[in-house]
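Two complexes, one shared chain (chain A), two partners (chain B, chain C).
Showing the complex of A and B:
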């Protein structure tokens, strides 16, 4: 039983990180109708920046700089590419983000080389024990941070002017424009937030139990993609639920690996995609997605 | 005052939607634009409201000015800030947002809180039914209520000129009458109105001036009441009067033409 609860808790904490990334996918998709395939490298970029700055300016300033720098990259991509090419087929814009992803990943891989950079979290890899169940400190903080950020996000989304503008734009962009809502600004803000959230997720993803910043983090980040899809790409609540489901499924599959040996080793890495396919078979537009979705 | 001068608009560089339109909306007036499908009514509104780009349309020649400032090529949000707001065809309310949020979205262009709350009071005064339903989702309203919400949402921006694209579309005759009343009331409160309609009876009843569009050109224009009396408008848009006879005569004239051998 304790094993199960430990796995569940670890799954939830991993899921919280995935939810942050998936939330970024979802708001970018809602605001600009573009699927950002570059989140993996945004996340790696964030973690890399934090790790690099950590030695010279200390952890917390490095963290803030890393998040801002990543948000800046998001803004740059939106301004220079997505916004300029508005009107181009949305599928092309999404594929464009793959191109940016490859360029960023290549450069980051070259810079990281074969090192494993340390993001320098002030919290170590110690285990926190609650009763019989345990969780690394890093994952505990990840869960708390994600909960705070997600709560802030949903409050803003529901009540702030930005939230109303964002939801109006997501539902009907042309009418939103007719009402004086600046579509460019809504989209730019969504990219800033989406990229910023990716950087925060990146920080926790490279902490214990993961060894540190390696190009491999990029692939881990992509597992948030099935999370966003199975939640319904245009649903923020779905991103949250999807992240949790994927996190728990992955933790369970890795934890019960011995019992699942007949499926082969490393099933945990595949399980996000398996869960996504199973959900999509039953609900093609995701758990909370809009049914009559006519976009990409 | 809105002035459109010799406006030519094409889509995708090929399809000519407007072929040189000139019209004016004087301050404080209601101006109706009539025309059948494909006459260019919606394109005209898109050009004025700055959403032409979203449809890959382009102004070839001509100017659109409001109070002396050019609107051509401006961003939609700046046109709204300049006091020209459009109610889109088919209402297009945000169905997943509540009535109140829809109105908030309408006031998003300005930062003036006092003006916005005044505008909201005005909207709830004009449409008490919206005040009753302020927490309901827009999608749950009836067609007439949705049209009221669409008009109310546009009024939130405090427009000097309101553009209405077929507000009678898909509504019951009694509701259409109400919409006509509302347009008159909005105009009395000092907002000019450009009303694009296929329902000529309502439009000519409400408007001071009217323009008739025909395949991208103004074919008739003048005082709305006088225009309503002309044969052409009676025949084409009001569907009664001398029209039927003329049509019959024309048909008769055509059939009396005798066939002859083609020798050229």
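Showing the complex of A and C:
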């Protein structure tokens, strides 16, 4: 029973990290109709920047710089590439982000080389125990941070003028533009937030129990894709739910690996994709996604 | 508004071949045919005067061309974004090495059937097609970007299965590719010694012809497919599923068929890939490979068979050429010297090329070619150009 609860808690904390990334996908998709295939690189870039700056300026300034730098990259991509192609087919735009991803990932992989960089979290890999169940400090802070950020985001989404503008844009871009909402600004802000969230998620993803900043983190970030798709790409609440489902499923599959050995070693790594395909079979637009209607 | 747009693009495509041949006239056509013949003759004679390195690169490129044409039928012509191409390549390659390979293995037991390589190759193609057909019911339910991400899952799940199934795939270390043989004529060994014009025909020379024949066959089949009724149906499907259904195109069935054909192409490409590398491991068929194939068709030109071939040639040959000439190239360093290695330089270039193509020339290399062809005319709509994707209506919103 304790094993189960421990796995559940670990799954929730992993899910919180996935939810941060998936939320970024969802916001960007809502505001600019692009699926960002470059999120893995953004996340790696954030973690890399934090790890590099950590030695010279200390952890918290490095953290802030890393998040800002990643948000800056997001803004740059939106301004220079995405915004210029407004109205282009979704597939072209997504392929464009794949192109950016190839470049960023190649350069980051080259810079990291075979090193494992340490992000230098002031918290260690100690276990925090509550009753019989426990998780690492890093994951605990991840959960708290994610909860705060997500709460902040949903409040802003509901009440701030940006949130209203964004929801209006997602509902009907043309009408929103006619009402005086600057679509470019909404989309730019979405990219800033999406990239910033990815950097925060990156920081926690490279902390314990993961060894540190390696190019492999890119693949971990890709597992947030199923989370976003599962919940429905255009649903922010769905991103949250999807992240949790994927996180718990992955933690369970890894935890009960011995019992699941007939499915092969390392099955936990592919569980997100299995869950995603099963859900999509039943609900092709995800759990909370808007059904596509076609009017003739 | 969207109705008229759809109608006009359809009209263009239907009218395109007829208008094209009339415009070109007889004279141009014969010049073109002459050039084609000269090109073919050069290709046939290449092993006589070209170094082995270029022949091997060429063989790898032929494999990539076949795979890219297949992916372009799916993504470019039909508008179904798929990142699963690497998986179908893996099915083809591994079926071939399993069926035609001999059992053995030192550390772990590796199974093999020892069947004739031709059987292995055909089975690889068929099995890859079957895998595509099995995935198509899922694909048919999903649209646009959801399909793209679901197919991403297929790559990871496939890799996991292959890594686990060590008796067939050889696991992490992979297994060597059995040499190709056709009715007793070996493409690998040199037991019937062969000399042409004083040049000894070894493995590279023999494989070159195999690749050439298969690539031309694949090219010709795809060209004809696009010009036929099913080809037009697929293009209509891309522009608007509703319009296609209204015109009497069975949407689900055509989607299933294009998945079948595309993954059969991928299966054949997988077999050639295995032959050109000499050994296969599940690791080789990761997401990177799918992304590279996507890069090929985007660079070459979505929806165009020739474009896919051009793009495949560019993407598959570039890293090899960089590697060969790393020493004499600026900015590229030999491996282990800390600078940008050949493979990395090639990847950076692909990434940049994708971004530039999407930004400035969405029709790819083929679009560039057409632009040069008609100097003075306004770039864009060209009646002789192959149909390129028209903007699809935004998906995910109900407009």
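To be clear about the criterion, the second predicted complex is superposed on the first by the 292 of 296 C-alpha atoms of A that agree within 3 Å, B and C clash if a C-alpha of one lies under 4 Å from a C-alpha of the other, contacts with A are read in each partner's own complex, and residues count from 1 in each chain.
The rule is short, and it goes like this: contacts are C-beta pairs under 8 Å (C-beta built on N, C-alpha and C of every residue); 3 or more make two chains touch, one makes a residue touch a chain.
Values in this document were obtained by computation on a predicted structure and should not be read as measured data.
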Contacts for A:72 in the overlay, against chain B (first) and chain C (second): which applies, first, second, both or neither?
neither
Q) So, does A:165 touch the first partner chain B, the second partner chain C, both, or neither? A) first
Task = In the overlay, answer first, second, both or neither for which of chain B and chain C A:181 touches.
result = first
Exercise. For A:209, is the partner it touches chain B (first), chain C (second), both, or none of the two (neither)?
Worked result: neither
| message | For A:61 in the superposed arrangement: first (chain B), second (chain C), both or neither? | response | neither
Contact-wise, after the overlay, does A:103 reach chain B, chain C, both or neither (first, second, both, neither)?
second
* For A:87, is the partner it touches chain B (first), chain C (second), both, or none of the two (neither)? -> both
**Asked** First (chain B), second (chain C), both or neither: which does A:122 touch?
**Response** neither
The answer to whether chain B or chain C touches more of chain A is C
Based on the superposed arrangement, let me know which partner A:132 touches: chain B (first), chain C (second), both, or neither? neither
Dual-contact residues of chain A (chain B, chain C) 87, 172-173
Seen from chain B, its contact residues with chain A in the complex are 49-51, 53-54, 56, 75-77, 80-81, 85-86, 88, 92, 94-97, 101-102, 104-106, 108-110, 153-154, 156-157
Seen from chain A, its contact residues with chain C in the complex are 29, 33, 35, 81, 84-85, 87-96, 98-104, 106-107, 109-110, 170, 172-173, 222, 225-226, 229, 233-234, 263-267, 269-270, 272-274, 276-277, 280-281, 284-286, 290, 292-296
Residue set of chain C touching chain A in the complex reads 75, 79, 81, 138, 141-146, 148-150, 152-154, 156-157, 159-161, 163-164, 241-242, 246, 287, 291, 294-295, 298, 340-341, 344, 347-348, 350-355, 358-359, 362, 389, 391-392, 394-399
Within their complex, chain A touches chain B through residues 87, 161, 164-165, 167-168, 171-183
